[in-house]
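These are the structures in question, set out in turn.
Each of the next two complexes has chain A plus one other chain: chain B in the first, chain C in the second.
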Partner chain A sequence: MTTESMSRPLIEVDRLYTEISAGGRTFDVLRGVSFHLNVGERLGIVGESGSGKSMTALSIMRLLPRAASIRSGRILFNGQDISSISAQDLAPIRGSAIGMVFQDPMTSLNPLLKIERQLTDGMEYHRGLTHADARRRALELLERVKVPRAAQVLASYPHQLSGGMRQRVAIAMALSCRPKLLIADEPTTALDVTVQAEVIALLQELTAQEETSVIFISHSLDLVAEYCDRVCVMYAGRIVESASTGQLVQTPRHPYTNDLIDAVPDIDAEQITRFRAIGGQPPQPGALPNGCPYHPRCARAEGICREREPLMEDSGRAVACWFSNHSSKEAGNNVG
Partner chain B sequence: MKRYIAFRVLQSAVSLVVVAVVVFFLSRISGDPIDTMLPVEATAAEREILRQQLGLDRNILSQLGTFLANLAQGDLGRSFRYNQPVADLLLERAPNSLLLAFVAIFIALVVGLPVGIMAARWPGSIIDRIGRTLAVSGQSIPTFVVGVILVLVFSVQFRIFPSGGTGSFSHLVLPAITLGWFSTAAITRMARSSMLEALNSNYITVARAKGLPEWTIVMRYAFPNALTTIMSLTALQFVLLASGAVITEAIFDWPGIGLLMVQGAFARDYALVQGVVIVAAFTAILVNLLTDILYAVVDPRIVLTRRS
Partner chain C sequence: MAAADQIRQGAESSPTTERRKLRGRNFPVLAFIFLVSVVLVGVAGPLILPLDAFSGTLMTALKRPVWMEGGSWSYPLGTDQLGRDILSRLIVGARITVIIAIAGVFVSAIVGTSIGLLAGYLGGLIDTILMRITDAMLAIPMLVLGLALAAATGAGVVNVIFVTTAVTWAFFARLVRGEVLHIRELDYIKAAEIAGFPQRRILLRHILPNVFTPLLVMASLQIGNTIILASSLSFLGLGVPEPLPEWGLMLANSRDYITFAPHLVVMPAIALGLMVLSCNVIGDWLRDRFDPELDHLR
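Entry: the complex of A and B
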């Protein structure tokens, strides 16, 4: 992997606004999300439920539920804006250049179709493979995702497989057309802890082999820190801090990031003392407080936090907090 | 699979016996058949002779025993009114009813499935509104009104189709539409709701994420999942149509089983009514059995869950 290919952006999300209509009201669930991802890079997106992580993924995949739609902004994939292209133009991209793994393996496979059908039809459609060739590659894929007795699994229905096996199949499915970008939306949340580690290791191995870029979505900062090069922290439909994993974990600038780190129990310690839950609830989309959306839960909040919302620019190390400037000299240009 | 089928066959046999007993007693609460078979001026002695000839003087349990024993041999008894074996009467009429029911259910599927599927794919669209209108009108306008309107328009006004009788394909058109009217509505509604449910499933989002063409997603990924509910409804509708097309058969003078049963009931023709109901029940049980076996073919999970 050359440094040149590392620095070329594969996907650039630019001031993405996604809105949703519910109960006769329309409000933004994404409020100007911007980030970029270079070729071969792994980007983690962290946040609590409702922060907009999944909506970001679904916006990129154009898989938003019926009530939701992209209001404005651009999603540049290899330089092409895919935020508004037709279904026809999307066909060679979705499932082929961009693959996605979903959260719940128990419901993400079709109960009435054999694994063989579900693994091969994408390759037959996108790559024009004959069924025999697609089947051969499916066997290969299953072996690569470390599914034992691959031929037998191909002939099985999803209900005959365990959750971990199903998620491996789902990963094989997402990678079957050799995507440039893999979006993994909480791929391990529904799995046993031991299986989680295996699946993460597997993702790490597979994406490294093919130089696949990854957007890894999780509510667990721990998991993201382990796996990703760079992390975006989302809160209330916005990215509030973005940095390389090391910087983010060692010197978090946003109080929310700090609180997230404190909320992870430290298992190595003799006694679990650092564990501290974040008080209060994340705001509901459409019912945001004035000012910084985190201020009701923030220990550092002052007058300005209740009045004006701090903005940020995507420039490597960026943070959206009125007080991050005081603690850092470089962050002066990040407050908008 | 074999155990599952054997289990369901056994269940069906038990249901059949229960139905036979219930029918036997129910048909006997409708009154005394002797009253309708003899002239009013018949003497008590004459009535008693007829009663003995028909076996109606015997203990009711012994009558039941005879009835069940005969039934086991396929003998449905003799119609008092037609003075013919009930089985012969049924065999003569059943093909008419079956033909009508087949055509009616065919119409219901050919109209209901595509409309229901498209309505689910594009909720709120024109086709969805058409489907909803169809469903509401189908389930709220009674059969006798539909039949009469069709006769007025297509037989009386435009003289395209005959208003009754049998003999040719054109005789079949109006009764089949009339009979299929309600089922079309029911199947449209069921196809829409079960397809909507399937299309909102996670595995459909996953299939879309694979970038598959819309047609593949709707027909190969969603439709089979909607099929089991549609299948059971269709089977149920078919049984209703084949055995209970009383009104339609009466309007179009269609010589089927429904008409036969009504005539039998009016004449207190126990054996005939029993026969019709038992054959109808048998059809229902058989169709349900076949549907359950088909389920297991469509949905690989079913055998597993029933066994455990």
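Entry: the complex of A and C
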């Protein structure tokens, strides 16, 4: 990872609005999401269920459910806007430049095809390999994702493998065509904690080798902090804070980020205290409160928070909060 | 298919007894034996025919079956009003019935599956148009629609297959569309889309094989339906033409004799009844075995 390649953006999302229609109503699930990702960089997107983090990934991949569609905004991939190009033009980009790992390894592999078919298909189709070559590469891939007895796994059906194994196979599949961008949508949520750590370590190792950029989506700030260079925190369809991992964890500026950090139980704490849960529910898309969408749950909310929604203020640190000038840890005492 | 089955049930295998309870009844041996023998007899047909099924003399007309007074082993199930051997006619009839049932369901499944796949996968306006047509087909009683079509096309084995297809494809279309709607949202379809495969390949390689299990169950249940429909058409004179001994047609031709030669009616009726019953029993068993949730196929 040279500094030069690090500073070249691979993907730039610019004021992305994605809407969904249900029951005759249409509302935005993404409300102007903007971020960029440099070559070789690992970006984490954190938020609660319904915050729009998966919708962001699906919008980039153009895999939105039928009821949803991109209303406006641009998604530049290597300088090309992929938010509006035709499916025919999109197919080769998706196939060779983007890979995706899903949450549930139960459903991310076709139950009726052997692992060998699923791994070699893409390589034969996109890279024109013969089956023998593709198979050799598949074996290599399985070994790289640390699957024991790779030859035997190739001849298996998905249901014969454990969840951890299936997720490794899914990672191998996502990486089989050497993508420039890997989107991992909660890739460890369905796994045991011990397997989680292994899968994260694996992702870290593999993506570092190939300089793959990663968008890592998770509801766990902990995992993201461990793995990513930079973190975007999403709330109610917007990014509310974006910073490098170190800054974000040490000096969170947005009260929501702060609350998220407080909600993680600290296993090393000398004194065992009850961890603090965030009260209330995240708002439903289409039923956002006036003003800042976080104000009903925010301990520091004041008059202005109920009236006007703060916009992303990008001066070094990007935070969408009326009180973002202060680190919220101190601000809690000074302002509140 | 065993793989898909296991996945639906959850890969962790439960004790055998528990699983048997979950999956319901045992394998229907009798129905299976009956069906297989009808198919074998139908295929072997002319080779094992005891007597001529198409001609007889009035001298031998209306003989009773062997177990009744006046019956003889030369005509084990008796003869009809024209002196033709009923057993031979049933055997030839089995052949016609099997051909119509298999061809009818096969063509119907292909037509219905294609329409269901397209509607479910492409969605939008195509889906709406195809499914409204499907709903309209399902709203008209099968026999009424079948009669109208049969009256328009005329009698004949091929025409009967056409009519049964036209009347039953909607069942397949609706089933397949529903399954596709479910499967297309699964991650492995998304993964295939990300992999940049063309739609045709995703449909044929990833979606179609995964709707195969419910399709098989539906097909086995539709066989009974198709046989009844075909026989009803023949009974009403719009199906298989004379002198072919289609079972429904045999019933129709012998109903004048029901009071003094009831075996003329009873024999084809039993054959028809057992055939449909066997198909349905096996269909039920397949449904229970492959997916306890497929109750809506009933």
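In this section, the second predicted complex is superposed on the first by the 317 of 336 C-alpha atoms of A that agree within 3 Å, B and C clash if a C-alpha of one lies under 4 Å from a C-alpha of the other, contacts with A are read in each partner's own complex, and residues count from 1 in each chain.
Assume a contact is a pair of C-beta atoms (placed from the backbone, for glycine too) under 8 Å apart; a residue touches a chain by one contact, two chains touch by 3 or more.
Here the structure is a predicted model, which means the values were calculated and not measured.
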| item | value |
| --- | --- |
| Chain C versus chain B on the shared chain A, clash or fit after superposition | clash |
| First (chain B), second (chain C), both or neither touched by A:S108 | both |
| Contacts of A:M61 with chain B and chain C, given as first, second, both or neither | both |
| First (chain B), second (chain C), both or neither touched by A:L10 | neither |
| Contacts of A:H126 with chain B and chain C, given as first, second, both or neither | both |
| Set of chain A residues, in rising order, touched by both chain B and chain C | 61, 63, 66, 91-96, 99-100, 102, 104, 107-113, 121-122, 125-126, 157, 159, 170, 173-174 |
| Chain C-touching residues of chain A, taken from the complex the two chains share | 61, 63, 65-66, 91-96, 98-100, 102-104, 106-113, 121-122, 125-126, 157-160, 170, 173-174, 177 |
| Residues of chain B that touch chain A when the two form their complex | 123, 201-203, 205-214, 216, 220-221, 224-225, 298-301, 304 |
| In the complex with chain B, residue positions of chain A that touch it | 61, 63, 66, 87, 90-96, 99-100, 102, 104, 107-113, 121-122, 125-126, 157, 159, 170, 173-174 |
| Residues of chain C that touch chain A when the two form their complex | 3-4, 6-7, 11, 123, 185-188, 190-198, 205-206, 209-210 |
